[in-house]
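Shared between the two complexes below is chain A, which pairs with chain B and chain C, respectively.
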Partner chain A sequence: MKNIFYVGLAQSFFKRNAASLSESAVTQHPIETSKEAGEKSGSKQKNGDESGNTVVVAPPEFRFMYPEFLPDPTMERRNKLKEKLERMDMLQRRSIIEIPEFYTGSIMAVTVADSNSPNKFACFVGICIQRGGSGLQAWFILRNVVDRQGVEILYEMYCPLIQKIEVLRLERRLDESLLYLRDALPEYSTFPFEMEAERRLNNSVVPINPIKVKLRPRPWLERWERQNLQGVENLNLPQRYYDRAKEVAKPWEKYDLMLQYRKTIPAEEQEKIYAEVHSQLQQQDLKRKIKRRRGPSSEQ
Partner chain B sequence: MQALISVTIFCDRDTSGRFDDWIAHLEAALALGDFDESRKLQLMCSKLYGEAAVEFDTFKLDNPFRGRSYTEVKSREITLQGMNQADLSKLVSALRIAVKPKPRLFASPEGPAGRLRKLKATVTALVKYERIELNYPRAEEAQGYAERLISDAIRNGDCHKHTMEMADYWLDEKQLIHKLFKVLVPRYKEYNSSYTKLVLGPKTYPGYYAGTAILELKGNPFPALQPATQNYHYWLHNVLLDEAKREFRVAKAESNTNLSEPVASKN
Partner chain C sequence: MSTVGLLRTLFNPKILPSNVTQLQSLNRSPFLLGFLFNHEQVRNMSRVKRRNTHPGYWLPLKNVQKKDDKISADNLRFVREVIQDKYKNKSPLKGSELQIEKTEWDPKTKRSGVIARNIGRQQMWDKDGNKIVCTVLHVLDNHVIRYIPPEEYVKTSRGAIHFKNKTPLGCLVVGAEATNPEKFTRQYCNLFSEVGLLPKKTLSRFIITPNAALPPCTPITAGHFLVGQAVDVYGKTVDHGFQGVVKRWGFKGGPASHGATKFHRRGGTIGTGRDKARVWPGTKMPGHMGSERRYNRGLMIMRINMKYNVIYVKGTVPGPTNSIVRIFDTLLPLRKLKEAPPHPTYFPPEDGTQKEEDIWDSSLHVYGSPSISV
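Here is the complex of A and B:
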């Protein structure tokens, strides 16, 4: 059962340093990291401006690694003070617990403090099918199949009950939301609880898993043919489904510039936010790396 | 705090309805600590087991859980998606105009597609003529789209595929795409303000309730609509007024000191 999953795993690599991506590749991936991102600030920590003062700039990939630091783009809910306080609290929480970088499609293990369970901790392993929320309400959903029973758990990343979040396999998929796994064959969502963390050879690259998932026969939970999914095999539906999907589709939304603007945070604001936050995040990262290196050596 | 983390159990359609799978379902629920779910299952199992003890190999239940729980899950997802995460797929420049939280909907027989078609015509006209007079609501919406187009062109340049697609859509006449990248981008590259200006126009009776507006690109070759602000600080009447104000303040201060020290002699 599981062999189907592993045999189909061909690794295609996605460079974080965006300047190397070609234009055609940009349109395929849901994330646009065109040469603008590479031109803009690069991965320099400090840029000097004309007056000679150093301007702190975070590397452009920060917005993919820590998307929950960006506030909710809905204009009615923006409040600079609230966002700043939330960022402070988020950094405070991150200094206690390591919340690693992960993407939809990564396999993760989460341990939660649970007063009702016999050993006071509840552990769950699963594939991240969706993530969302901003600030302290950032959440992600892990899916696994336990005893032939599909189970999904929604975790709030900054919940104080969470003891440990570990990424067992860091990778991305062709879609941002893997909700179609609910209608896929169970082997695509099954991961053993005893799975161990996989070591990556190349740390600067997050691999994209180009797997195309097979769905179970209809009925499905959602109309997958209307959602332009890249990670699913040919749905093989009768033509009337596709015709109706075309009738119902909104092709003009792709060109609606103001709609895009209202759904996102402008680049200048993003830079400001990450400049504020990145030095602390890097310090925390560094401390953890040192601890990890010292850990095995101190035991000896 | 337990409420923060939610568990959803999905019954796989093929395996539901048979007695041994209810047991598996129950065990899974217990293992995950969802006691409400497990109690519900235990009740159902005891009911069914009592009635169908002999026939448990052959009875088939229409799984009641899947349909019900999915609507709950979906409604929860919809409320969660109300708490949005910013879209990361595109990097946009900040607009330097006031952007309203909700877009204006323009009624059209074609619906939302018609709205964009009309705004496309307006944006094309703005780029072509650089100053147009039209009704205020359409002008305000078109201003946003024009600013977005120009800011994207400045940020990404003409070799960027997405920007080119947008320019191709929004500008009906193809020579205007050249004008956008060759004329407007160099003109607005160093600007720290918005690229367009919206001036309220005459509102003649009977006319349209919102009145007219004039939407123009800054730096256009036409004479200015509003006179440039002049430095009026040194005009005679302002000089005299400032002096009069100063005298008044001084006199008031002196009278205050006199009131507080009536006995003190004045020299």
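Here is the complex of A and C:
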């Protein structure tokens, strides 16, 4: 029984997150066998323990939908009690404001309370180029081009000044970090402020945008040729750049198990963390869905 | 006057011979300044040896070898049964069960402190939206082991040093982190068995006025402190090991390029050739950095969680995460307690009505409350 569970885990994991895995040879079409994925990974799964007690486990996508619940993997700074208390605070904040699922490459609109703006609220629309932090320090950076000036704003997800976070277009890109948009042509980072939320036809799988971005001519802010970027068009650099990149590259790191172990939280701990947290998150989600459905009718 | 004499009078203004004022006016002339090469460093011998890292001579030498008791499995099982019988069924003592004299708190009272563990840092926001970084301190299972009255404490070697020219005060011995008695010697366990407690890993002495005395076996929890109160936190700073002069003393080192040969992070000169003609004791050089006793004073308590016994303190605390610290009421005169805190310590109400589980400071934004609109 356990084997089936893990196979199911692996399948749904790959279907949702194929392109993000640098080592995986599997590159599946994003919109595919959605029914299967829905069946296996949709609702919470109950797995039987050896003793016969049911152990409630969160669905495996939680790892990608709510990555900030996982603590910083540095062992010297970890403490279970502190992480537990932090998670409680995070859930409290989430009960007030909806922090939706998003990935780098999604276009979002954030409304923040601002004493200096005319109507006391400032709204910013942009594409999420990077996301990081764990716990209450989780942050993301939105980028947009306003009046031909590139603007990036770092938002802390749990800051109480944030009134609303809305995902206008939920999608992923071929890279985990889109910092190269700073050196790309401005049209790739421009999004209108009046953009409206797009409705997704297929809710179970997050689409991957396979766009290849064109960069401006050099000089650049970083050495993009050394970073193995998938979402960038052919850089057209002289061969010596690529040769030097090869000399400087560390191809053995993908075989370094200890490096990966130190950078991540082990799967068993992740399961425990999400098991603790998922019932509350699902309840909050349900409440919001009901409110949304009732919303127009209650306003009448 | 010789250069040495000049230097002496310049750097030791307390010595006042009749011709000092003359020298001071000469002092400002460019001739003299040029002669002295704008030499600003004041070197004195007061802090010759900062500290050492080996433990004090009065502490027992630690023998960290694995014990080879050669105890049979049956006997080990028997020992464990005895431990179980001795220590189980110990319910936490309530305030009414303990015999505590009713004493009044006054601003000159020194209360007991608390042993806690620094479990990390968490950020919170205040009602204006400003971020406040707080250190999370987990108050461990503190129990009073013994109270030593002032007359007795002064006779001990430590007490004699402490109260050499001051009025003697009492000493409260508090222990934290109950552990398996198998890990300790019989003598160490006896310290606690007199009181009926499991042996504690950490012990601490807190100097208190006699009116704040507590009987043995009293539990001390996070409720001992008030939200909004200022505390001093004692800990041993992060051990950086053997460090160079740039990190240890903040020297600038040398240029990274422009032809600098082997001089990037070195100290440079360690003395003049003329004056004293040797390296002065206390000269800043590479060496062991960190693992020093420090007090961070006047830290404000922003939030107390009574259920988990956790205190959130504004600012940072000496020592790395998961290290033991001691917390006391602050000594700083402007931040001292003005109203009575739980004296001599806090006891939860016995009629079952729990006070608030999570107490926040009034300036903080509570996470469950609506977003701030400015």
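Quick note on the criterion: the second predicted complex is superposed on the first by the 254 of 300 C-alpha atoms of A that agree within 3 Å, B and C clash if a C-alpha of one lies under 4 Å from a C-alpha of the other, contacts with A are read in each partner's own complex, and residues count from 1 in each chain.
Operating definition for what follows: contacts are C-beta pairs under 8 Å (C-beta built on N, C-alpha and C of every residue); 3 or more make two chains touch, one makes a residue touch a chain.
No experiment lies behind these values; they were computed from the predicted model shown.
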Based on the superposed arrangement, let me know which partner A:92 touches: chain B (first), chain C (second), both, or neither?
second
Which of chain B and chain C A:114 touches, first, second, both or neither:
both
Figure out whether A:76 sits in contact with chain B (first) or chain C (second), or with both, or with neither.
both
Contact-wise, after the overlay, does A:161 reach chain B, chain C, both or neither (first, second, both, neither)?
both
Which partner does A:137 reach: the first (chain B), the second (chain C), both, or neither?
both
Given the touch rule stated above, what does A:146 touch, chain B (first), chain C (second), both, or neither?
first
By the touch definition at the top of the document, which applies to A:263: first (chain B), second (chain C), both, or neither?
first
Which chain, chain B or chain C, ends up touching more residues of chain A in the combined arrangement?
B
Note: overlapping chain A surface for chain B and chain C spans 76, 114, 137, 156, 159-161
Chain A-facing residues of chain C, complex:
119-120, 122-125, 129, 131, 136, 138, 305, 308, 310, 320-322, 365, 367-374
Help me check something: in the complex, which residues belonging to chain A touch chain B?
23, 26-27, 30-32, 34-37, 63-64, 67-68, 70-76, 112, 114, 116-117, 122, 124, 131-134, 137-139, 145-156, 159-161, 182, 186, 216, 221, 250, 252, 255-270
In the complex with chain A, residue positions of chain B that touch it:
1-2, 4-15, 21, 24-25, 27-28, 31-33, 35, 70, 73, 80-81, 83-95, 99-101, 103, 112-113, 116, 141, 144-145, 148-149, 152, 155-156, 159-162, 165-166, 169-170
Residues of chain A defined as touching chain C within the complex:
76-79, 81-82, 85-86, 89, 92-93, 95-97, 113-115, 120-121, 135-137, 156, 158-163
